[in-house]
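The structure that follows is given in the form of structure tokens.
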Amino acid sequence: MAQKATDVVGVSKTGFAKAAENAVVTAAKTVRNLRWFRVVELEGQVTDQKVSEYRATVRIYFDLEEGA
Amino acid sequence: MAQKATDVVGVSKTGFAKAAENAVVTAAKTVRNLRWFRVVELEGQVTDQKVSEYRATVRIYFDLEEGA
Amino acid sequence: MAQKATDVVGVSKTGFAKAAENAVVTAAKTVRNLRWFRVVELEGQVTDQKVSEYRATVRIYFDLEEGA
Amino acid sequence: MAQKATDVVGVSKTGFAKAAENAVVTAAKTVRNLRWFRVVELEGQVTDQKVSEYRATVRIYFDLEEGA
Amino acid sequence: MAQKATDVVGVSKTGFAKAAENAVVTAAKTVRNLRWFRVVELEGQVTDQKVSEYRATVRIYFDLEEGA
Amino acid sequence: MAQKATDVVGVSKTGFAKAAENAVVTAAKTVRNLRWFRVVELEGQVTDQKVSEYRATVRIYFDLEEGA
Amino acid sequence: MAQKATDVVGVSKTGFAKAAENAVVTAAKTVRNLRWFRVVELEGQVTDQKVSEYRATVRIYFDLEEGA
Amino acid sequence: MAQKATDVVGVSKTGFAKAAENAVVTAAKTVRNLRWFRVVELEGQVTDQKVSEYRATVRIYFDLEEGA
Amino acid sequence: MAQKATDVVGVSKTGFAKAAENAVVTAAKTVRNLRWFRVVELEGQVTDQKVSEYRATVRIYFDLEEGA
Amino acid sequence: MAQKATDVVGVSKTGFAKAAENAVVTAAKTVRNLRWFRVVELEGQVTDQKVSEYRATVRIYFDLEEGA
Amino acid sequence: MAQKATDVVGVSKTGFAKAAENAVVTAAKTVRNLRWFRVVELEGQVTDQKVSEYRATVRIYFDLEEGA
Amino acid sequence: MAQKATDVVGVSKTGFAKAAENAVVTAAKTVRNLRWFRVVELEGQVTDQKVSEYRATVRIYFDLEEGA
């Protein structure tokens, strides 16, 4: 079945896996049939010399529905 | 003229060119003015120790319409 | 805050920076809360043995609105 | 389930998809539970100024059996 | 001392580090003298719109024993 | 024996292997002793929402003749 | 404002996010105005067939002070 | 129609777009039917602590004439 | 003569060449004998849906002085 | 004929070519029909501020025997 | 001054530096004003389970003469 | 233990390994606790149509001292 991919940046205060999970949570609000993702980039914000936020850019693949 | 790009995964039982063609067919259902594509990744599914499906992830570029 | 990325190709007769700027102008017509972009590819069209157009493919990141 | 990957070069006189398929056929002789593959490189041999052989280097992933 | 490398995909329900650790656990069942690994790819499975599994493809290096 | 490499873009209406073969046919008109090629890029043209042409950019290696 | 980048390898016994955080902690001892980082490489040490240490190589960007 | 590609380094005192344009001007002296180019590398020379020259390495594609 | 490289991010309101030039200006304040640079990344900031700043990350190479 | 590839790290006190050669020597102990290799990574160990060992990670390709 | 680049594969029985040098020797037979080269790929041939030849693919840059 | 990385370009008239060694010698003059390096780029200067100098750009990793 054909799929499409969309790039989403998720953020988290605790780590990269949680940031990727939040990207999926975000994508799930507007896209159905999410199947898997690949990490494209891992970054982090530093505030007052401490890591304040982890960021994961993930490419999320989802099935296209019949007729779409 | 400005263009946008969208990533689509097409599949086929016969080969990579057909898989790429199917990705274009899929994109054509919802996007107008498709112009060209570049292959990003070629993969395949294996079932019962045989290739059961070829997959082509293609980045498809399309013209943006005036006013869009 | 979660972000998404979209790839846009901007063109210009004067240079790469202007081409990138035009990609942002194009994206701004349909997407809100643009934040930053990264250049993915720089190309150019040649007509009658002269550069007739500069092209910049940029990946533009934008904030997703609450509830989106 | 954990997986391992192995790189195999398959060849064919007719095209890249057949070359990839032959790589899978080769891997299937000694490895069980093949699942999918990704194309790593596409090449070709030229003899007497004509393409005499297509080559596909594919990374084939397979499931590790329980206890393995 | 000479080393060899093998690619293993580890999975985990909790995160990327655990997935990488599981890849090492898997490799340790059949290969001795594991030394270090490098992450090649981080992915994830999505089921019912939630991350159901993190995947880490790691390249694991191990010492070859004398005489091997 | 020393070799040189030249990049050629071949096109075809039927698929990527044929496009690569056409690139070799083109190179063979002006260069002797072609030995092998590697695919650098696979692309396609889209006309009226259908794939109208496959394109394969291949790097073709050829032996340099004695004294050359 | 102009920025510079420095590459630091942080280590941790618990995971990649903590390793990246430790790289930032290390950089913070000698560099002011840290802003963000990007993960360049994720690795791990294996001792007695178990992961003994996670390593994150991060490129950390920091603002250059006026007059610097 | 088959194309070939050639790599040219153009230089300029004013910027990257002009450097790329000069590469095309150089290529046009010996090659006909130039069609488009892609930027491969952007560099610059520094003399007396100032940028004295911008350099753009571009891959220029040109149509091969019938019979060529 | 041995050289070292340092990564600097320069910014500009007018374009990428000026951003690269500003990176060199910044490096010149603390490092002597700058020789050349390579562009590593081109980015931009977007404010109120318009490009507000171009950014060029450049790797600047400089000669090491005798005895250094 | 189908081929497989295996990654081996060879070491040497004299240089990279010797390190690659040692990788081949190591592979030859357990694998037949070695054909060619490609250098994947060149590294070195530093002890007491001096290079104590050169390392070459090479991907070695070998023919698979009939029936294998 | 504008430059062009050409890719040449040099071979040697003693090592990679010699193979690169031979590529330059080969290029010097037909191209003037060679300036510098960059190593693109290092490979080797294996015969009777021993390295029989080192190969260096180098991209050689040369100045274009005035009027060229 | 945390590490930092620095990029140094070493040169040599005899080969790439010696060029890398010279980069380490250069780094050792100002940095303590060097541990290992990875080759980032191999290049060469050509003078009077002959290789006059080999260049190795190496990324050298060193341990950060306690308290640093």
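Going in written order, the chains are labelled A, B, C, D, E, F, G, H, I, J, K and L, and every chain counts its residues from 1.
One rule holds in what follows: a contact is a pair of C-beta atoms (placed from the backbone, for glycine too) under 8 Å apart; a residue touches a chain by one contact, two chains touch by 3 or more.
Quantities reported herein were computed from a predicted structural model and do not represent experimental measurements.
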{"item": "Subunit K reached from subunit G - shortest hop count over touching chains", "value": "2"}
{"item": "Those chains which touch subunit L and also touch subunit C", "value": "I"}
{"item": "Chain of greatest Cα-centre distance to subunit E", "value": "H"}
{"item": "Subunit B on subunit K, rotation in degrees - Cα superposition, rounded to nearest 5", "value": "120"}
{"item": "Interface composition of copies subunit I and subunit L: same or different, split at half", "value": "different"}
{"item": "Subunit C and subunit D: spacing of chain centres that average the CA atoms, whole Å", "value": "38"}
{"item": "Euclidean distance of C-alpha centroids - subunit F vs subunit J, Å", "value": "31"}
{"item": "Euclidean distance of C-alpha centroids - subunit A vs subunit E, Å", "value": "22"}
{"item": "Per-residue multi-chain contacts in subunit B, two or more chains", "value": "6, 15-17, 42"}
{"item": "All pairs of touching chains, each written as two labels joined by a dash", "value": "A-B, A-C, A-E, A-G, B-C, B-D, B-F, C-H, C-I, D-E, D-F, D-J, E-G, E-J, F-H, F-K, G-I, G-L, H-I, H-K, I-L, J-K, J-L, K-L"}
{"item": "Touch list for subunit A against partner subunit C, complex", "value": "6-11, 22-23, 26, 29-30, 57"}
{"item": "Of subunit C, residues touching subunit I in the complex", "value": "15-18, 20-21, 24-25, 28, 32, 34-39, 42, 58, 60"}
{"item": "Residue ranges of subunit I touching subunit C (in the complex, touch as defined)", "value": "14-17, 41-46, 49-51, 54"}
{"item": "Subunit L-touching residues of subunit I, taken from the complex the two chains share", "value": "1-6, 59, 61, 64, 67-68"}
